[in-house]
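Handing you a structure now.
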């Protein structure tokens, strides 16, 4: 009791909690879950975009996309490292993902069907991710907060890059503009779902707010995203696929139509359109690479023995 | 298409670009499939270096030609028979051992190649070389380290690496070939004498293979043809995928 | 592109053609890779049947549209989002078990489908059906025999076949879907009521799986989207390869 | 001695030798070698053309090419069956191929680099094959002769189809015509080499002629091919890549320039440009299909046991 109170006081003073500090088990568990889900999302998120690297329509875009996907892998690395400070190993976490036991953001279960999807993902998906992640740079847990600072810097670069792809398409031929509209049509609602259920339905909201793992509610962040994004769509000359979308003068923000939470739940439940492929691909990569990891481990062991022998001699 | 003002220089820059692009593309095919997350990043790094080099070289080739072709016109709108990359770089990724052996063969050549190229009479090529040499050194170090680990790792990794060496060795003769184009540019102080790089390549190979506990493949008849567009059947499939968008939507800006 | 004179009929013929072409293309990818020489011939046979059906259907669709598009314009010059094949047929070959399960699922549907279609009010479609039904029966017999052999063969073949059933089952819901296009043509006596074929498909499935000693996968949420061009990520790569020549050399006769 | 003489007399009377007839060991050995090499060539020959099935430029061509490659597989089947009548199994023969111990026609080690190569293979390679094979329809060994009758009928259809592809290209755009010329340039000399070394260098020639396994010499068949093909090239408006090619009024045929036998020997020795890939692909197909063949065998055995049990009950 006293410990919990003292812990809460540290949080309230905006002190960073570090890995070796005492912390409530619930706090640790929540962070492990959240950070690892976040890491898994980065890794799985490499696939929908990776799908277009070999078909990118110009060398500049090809290089930028490869670099972007590489950054996502890098984010996965920092995040697994941040989770490891809480006493789990990357191997355990990856195993949970491969077993289908761990969650990752359901946005990555949607397929990329045209080049415009690469633009839409950068613009909308990275845009939504940034809304979620900027507050995490001030998360009470130090390693997570520091990882997020680095992540956010790169994400906002990706977001601008994605928007720039959309802009190029919208300034292009009618065929290209139609491609962009089609991508917006498919990615708009899933992007809004990235913020999670309405606050009234959210499970972990309050405690996470108190622990300053979370600093804004799902609905507040979603609103912020909509308000930032709708003018961008207008600038592109694209139509947001929501007939109920309307400016609300009173609240100084947009009202949106009802979100299809049945679709959201069905994606969570069934793994979504590409969810099975995503996990299957990762499992294959793990299996195909097993002999390489074993070789590296065997070599490292031999080297250690040799050095020990040399030192003993 | 008119004959470029300096056809030899154009051809030379294009073939050098083709080498780097095709290998960079092959590395990019690993995305999401690498044996570790760290290696995922390393493969992307090398791929990015190579694609970057290709871009500079194509752009320069387009300037030399003076017909308004940019890097994308050269990369996406030439046919399999017009691509002049060496056969080594178009070989499929196969397993990780094949990919790393291919990289080692290439980087052990490109390292001294770019070093020599920094002294080229052509300021653009020597400038590109100045940046590329650092990248090639990293590729060489990275692939050599893997070959040592794999050769001296497990029985399986040793066997796979030996198979990869044996399979790809036949493509290494082409690294050191000099045709008329290359010779004429060598005379002008522009090109590198690839033949002269063989001893250094051999040294790197012997040293790495010795550390890895792998035998150097015996001398066999080498295959070549890439420089004149006589490719293996692998390149056409790579190009069909890589060029699809530019072919399907011609003349658009992306 | 103008709206075809009979848009529903055009769409219906095109989607049916897309199904057969994409599956036929997948079977053709087996060329040189089949487990036996006899099966090499059988896979090519089925592929040829399907490509032949697709050709008749595309040609008819082009006539219905009346805009001068021929079979090749429809097969080679439409984008991934315009292709309306069901998701099942675009799934990769994977191993032989996946290929045969995919074929069984498809042929067990197409057999009663073509049978019903022989009674279509549309003379061209009923004519195509008259030939196709014999082909579908052979595909059904051939794939069912393999499923029985694989299910009742070795432990490995049983496990692989079960994995294929589990993986592909989720795409079977789409076989029986009827959208507005199909319903409007059903009203006109042109289309087949796919929903009504479910009992016969179930019978074929249950009988084959029982003989094979394989459990029928449990009911799960099905995936669909192909009819509106919402495909899995596999189709784009197939089209990039299949359409490459027509995209790279537009407007030529081959 | 008497047996050999009697055998030769049967041959000279143009009697067909059948599998259960007595025959000299050399005759059997020669036929097994020749028929199995021929079968292997059909199987390996599926690869260069198979390389273009997924990229064929029209549906009509795609279907025709798939059917053609299927025919080649069928030829392989008849030919293995003909060889099996001589007391070897298909498995043994295939194993020799996979081990790199058996030969196949070196023409199939050249790569197919453009669609025009599909035309050139049909026109030139099938054309040369027919020249070689038509006389084999009268081969003294019955099963081989009968297999060849079927093969030749299909081959000449393929040859016409190939020529028709070339004709379409030559009537097409300059780009297409250049593609056709490039293919002729690459396939001309290898096609001439298909007839084997000059008669003066040929090893097995005389005995095979006496046994009526072979009925014309290599050079005679090559001459026949050149005389038939050069006018076809002229009709296409293509240039045969031989500066020494000239009509010889006296012999009523064309003279050709020197064949580069060094290349021929180097291909035989090194396996040629794609030889290693060809064998590797076949090996992979065999490995990947092993579990299927095992399953089929296990099932057949179970079925046999069940039927035996049923019969016994």
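Going by the order they are written in, the chains are A, B, C and D; count residues from 1 in each one.
Throughout what follows, a contact is a pair of C-beta atoms (placed from the backbone, for glycine too) under 8 Å apart; a residue touches a chain by one contact, two chains touch by 3 or more.
To keep track of the chains, here are their UniProt names: B, C = Phenylacetate-CoA oxygenase subunit PaaC.
This one's a predicted model, so the numbers in the text were calculated from it and none came from an experiment.
Seen from the C-alpha centroid of subunit C, the farthest chain centroid is that of B. Two chain pairs, A-B and B-D, are compared here, and A-B has more C-beta pairs in contact (counted per touch definition above).
With centres set at the average Cα position, the gap from subunit A to subunit C is 36 Å. Averaged C-alpha coordinates give centres for subunit B and subunit C that are 41 Å from one another. Residues of subunit A in contact with two or more other chains: 55. Among the residues of subunit B, those in touch with two or more other chains are 79, 240-241, 244. Chain-to-chain contact here is organised irregularly, matching neither a line nor a ring nor a star, and falling short of all pairs touching.
Of all possible chain pairs, those that touch are A-B, A-C, B-C, B-D, C-D. Contacts from subunit C toward subunit D in the complex involve residues 21, 25, 28-29, 31-41, 44-45, 47-48, 51-52, 54-55, 58, 71-72, 75-76, 95-96, 148-150, 152-154, 156-157, 160, 241-242, 244-246, 249, 252-254. Of all residues in subunit B, those touching subunit D in their complex are 79-81, 167, 170, 220-221, 223, 225, 229-233, 236, 240. Per the touch definition, subunit A reaches subunit B in the complex via residues 43, 46-47, 50, 53-63, 66-67, 69-70, 73-74, 76-77, 80, 115, 165, 168-169, 171-173, 175-176, 281-282, 284-285, 288-296, 298-299, 302.
Contact residues of subunit C toward subunit B in the complex are 79, 237, 240-241, 243-244, 247-248, 250.
Remark: subunit A residues 48, 51, 55, 111-114, 182, 186, 266, 269-270, 273-274, 276-277 touch subunit C in the complex.
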